[in-house]
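Think of it as A, B, C and D in the order they're written, each chain with its own count starting at 1.
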Amino acid sequence: MTLHHFTPTRYYNTHGSHEPALRIQPGDTVITTTVDAMGQDERGESIAERPNPQTGPFYVEGAEPGDTLVVHLDSLTPNRLSGWSSQILAPSVLEPWYLPRLPWEVDRQDAAWHVDVAAGTASLVEPLGRLGNFTLPIKPMLGCFGVAPYGNQAISTMTSGQHGGNMDYRGFVAGVTAYFPVFVPGALFSLGDGHALQGDGEMSGSGIEISFEAQFTVDLRKGKRSSWPRGENDDYIFTCGNARPLDQAVQHASTEMMVWLNEDYGLNAREAAMVFGYCVEYDLGNMFDPAYTMVCKIPKRYLP
Amino acid sequence: MTLHHFTPTRYYNTHGSHEPALRIQPGDTVITTTVDAMGQDERGESIAERPNPQTGPFYVEGAEPGDTLVVHLDSLTPNRLSGWSSQILAPSVLEPWYLPRLPWEVDRQDAAWHVDVAAGTASLVEPLGRLGNFTLPIKPMLGCFGVAPYGNQAISTMTSGQHGGNMDYRGFVAGVTAYFPVFVPGALFSLGDGHALQGDGEMSGSGIEISFEAQFTVDLRKGKRSSWPRGENDDYIFTCGNARPLDQAVQHASTEMMVWLNEDYGLNAREAAMVFGYCVEYDLGNMFDPAYTMVCKIPKRYLP
Amino acid sequence: MTLHHFTPTRYYNTHGSHEPALRIQPGDTVITTTVDAMGQDERGESIAERPNPQTGPFYVEGAEPGDTLVVHLDSLTPNRLSGWSSQILAPSVLEPWYLPRLPWEVDRQDAAWHVDVAAGTASLVEPLGRLGNFTLPIKPMLGCFGVAPYGNQAISTMTSGQHGGNMDYRGFVAGVTAYFPVFVPGALFSLGDGHALQGDGEMSGSGIEISFEAQFTVDLRKGKRSSWPRGENDDYIFTCGNARPLDQAVQHASTEMMVWLNEDYGLNAREAAMVFGYCVEYDLGNMFDPAYTMVCKIPKRYLP
Amino acid sequence: MTLHHFTPTRYYNTHGSHEPALRIQPGDTVITTTVDAMGQDERGESIAERPNPQTGPFYVEGAEPGDTLVVHLDSLTPNRLSGWSSQILAPSVLEPWYLPRLPWEVDRQDAAWHVDVAAGTASLVEPLGRLGNFTLPIKPMLGCFGVAPYGNQAISTMTSGQHGGNMDYRGFVAGVTAYFPVFVPGALFSLGDGHALQGDGEMSGSGIEISFEAQFTVDLRKGKRSSWPRGENDDYIFTCGNARPLDQAVQHASTEMMVWLNEDYGLNAREAAMVFGYCVEYDLGNMFDPAYTMVCKIPKRYLP
């Protein structure tokens, strides 16, 4: 139950079997920082490379392939006043005929936001036409985090998979417990890409990107096999499927949920199908990357 | 502003250019009934054919191609005590390897539910294993409604398109205003397939299917062209895309929303992209039919 | 075995339960004409509406739902000297970032081709840059043909389904036998949309469009149920899947082929999978319409 | 122009920035061997791990990011008498309802084939029902080959991407010239996964898997940027798109072809679209992996 204050000195742009940055025990808590999606730290200085540089990896003692890693997100707090965002929509989420009508090539510079954590808002620094200093409530979340993938792979942090990665799901806020399949000894958890807020799908290719102070606590479910990232908050259990098209992301998330209902809640196939069929909700995670993310949720209040 | 009490005498299983059942004026209100997805009325008697038999069509005087039909859902009330549902999951939403593990062929009979409108609940009539008399809060919604499609087509009520149809979106509850593109003179609006409640995606191939007493009020936006069904409630404006895969449904819904923000809210492309990119939310409608449904929502509070 | 000379007097733009144009017997042969995709006849006069106006429907006596209609394409001959084609690529077949680089909006007029049936060539009438009077060998084929769909539907000839329709498959040339599921009494077969030639996918939204003199002979396989269009030439049996995305079109075509190998060639599941897995070939049909077409082929020489 | 005889001593299961096995010059030729998809060598001994162990990587002197690597496949020859194959179809290529009807779980052992290079045939060792000792003509091809990917990634040889990988395209036979984008210094080319023959799509999850003696000759196109694997034989130029769904694989391959026609054949957008639209053909590569492969081909005879 050690509390670690960890200051990162290097960052990775893949989820892979990199040299561990710190070794921790199940039950330990880590307080650390993350840089933003392009590598800027709390002073706005560029200290790491694009895309989505990761703090870590953290080697969790005792984690073995076939286990599930538990990561409780204790707190996620923007640690500077300025965020940035893209101003352009992902071409893949609009009908092809419409694309030439957007101001694509002309002007792709990012927008700057003033992020006021105390007030809980983000506001455009430069007023934009009818929106003025457009102001939105913040909801800090982790865009990209996960473990080392199977098969000695190193997967770019610009995409996602069974190991997690750049899922950009608005539900990964402080208070949530995330679960990841363990594919390599130590799991090799890492995190980054904080967003002050984000629309569903990260349709513009970014949230309001910002650096974080982050605190998380790890644990292990020994011998508990899982196939895709899972999560849990006060109201829901949920599963993440990462693939293209969205249909396949739904297949992964839904199957993982059926297995979960069966194994951990003791529902047989018919009972699980009943809960699933009439209580399920879906959220859209990232729809900008090579892999898209769909999240399958079951309200806890309907589970026996 | 006439109030019509309409008792249907025949039902259609396509959205097409059928003989109008009633001619009404913009501003008129209709109180009528719908049978359930297999054609059972308020006494549980089978009086129409599968799938999703429609009450109507209603010819709205003055509606011409290029207009938008406005349909306010005044009330949607189950008018009997028993609903039914499928007990099986849609094979297309699970990973293929998992399918042979479900009790597919063995037992496909429907489940019966007791629907208590006063209490606001639906309960399994026969207890099911660990779920017992599984009880869920009802949220009555219209599964299938829309207008006659373009090009002299007649499209089965088991699927959906630009004309609406079997979208099975949980957001189409009483209080919502729906908008449909008008493709033929009179629009030829029809409705059916009421659900006492439903999970996202209608993943089991049904909601809790039941007959309704329904009241709606129509209006016209003359000369207002739209391409896909839209809707509005107290908190959101939303658009529906109906296609496969989900990615394309997202494209349709998102493009329709961008056009809406531009035309009706006076946002230029960059402003619309900003609102869209950082405020958008998506809901999943039907994911069982030949065409899937994705819903794109923008919170009204962020619109100028 | 009657030979009918049929001169069409009206054309339909849907596959549906239209009034039969002619009643014929199994074994009968029909010689008729088709107009091009925009309705121009052999004199280049516009006598029908877009899209893909159909000659027919032909009511085949004795055809009942659950039968399979056999249509042998005896001859397909362009009956005028001029064809036309689009000059633009389908936006859905290119990466979204690339679309704004194409001369979309500037110039969408069609190209004119001189079609020389005797020489077997089509040549651009106006020379085009480095291509000059680009000349290609013709291979006349039917773009859009099929039967009335199930469920009292009327489906636009701009798309396709289990009933056939606008499949735009280069393999539907003279000499081929096509098979269609029968969904309504009489089958209601119709045909149109002749192409002098076409690239795979009809990627530009058209082939070289032209009117035809066409001869075909029908037959019936009573009680032989099929689910998707099939075909046969000297070298292959093949099945057509029509859906989006292409993955699902492949699923339909492949499953139909497995059923065919099982039912008609007496192969059990393992034997059929063996033939299928190591001998199968796929062709791409239409990839421009709402529904795409994939064709699954098995060489006859490997079948027992 | 050195001829290297290279005997591999270790094999990799990812395309990544591994230690070079051999350094070669543009113009050099390599004669080497590949083991089969499960790591068995010419004696049938298991000397490497699944999946698709790669011979190499070969560091090509002078290759830099932004160049294109040229790999001419001089010869691909099975170097043993026995091959093996799966007996089961990929679940993702069949309709979900059909899957439970296949003998999935019962019997998944591989089939053994006798491969006779001199006769040019492969025959089942154990007769299988009506197929007997099913005999097919061989057409040796490389299933999995490519270069190190961008962004310090290591991508499993069970899938594919812009770097090539497990494309399982029947067109990669001896005589073909393949082109790969260079993402890292030296390109780091590797090869493996030989098939005596294969059906389109590798629908059963394998070809007839066998070890090879392989000879290839490399070259460089300095400063020639490409984005996806390309190829060329006597009759066609072709491009490979690797993604899911197939629709996106088509987008990648088609855009790469448009760029090729524009840059290397001097066709402007309109001319390229004309050649593309009316002459293009598509082949299906792998449809079993996480990423599918579509191949876009243009006949050379129609190019100026």
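Here, contacts are C-beta pairs under 8 Å (C-beta built on N, C-alpha and C of every residue); 3 or more make two chains touch, one makes a residue touch a chain.
If you're wondering where the values come from, they're calculated on a predicted model, not measured in any experiment.
Both subunit C and subunit D derive from one sequence, and where they touch, over half of the residue numbers involved are common to the two copies.
Counted by C-beta pairs in contact, the busier of A-B and B-D is A-B. We define each chain's centre as the mean of its Cα atoms; on that basis subunit A and subunit B are separated by 32 Å. Subunit B and subunit D have CA centres that are 47 Å apart. Residue positions of subunit B with contacts to 2 or more other chains are 92, 94, 244-245. Within the complex formed with subunit A, the residues of subunit C that make contact are 91-92, 94, 96-97, 99-100, 104-105, 245. Only residues 13-14, 16, 150-156, 158, 243-245, 248, 290 of subunit B touch subunit C when the two sit together in their complex. The touching residues of subunit A, when paired with subunit B in their complex, are 85-89, 92-95, 98, 101-103, 107, 111, 124, 128-131, 134, 136, 197-201, 203-204, 207-208, 244-247, 250-252, 254-255, 258-259, 266-271, 273-284, 287, 292, 302, 304.
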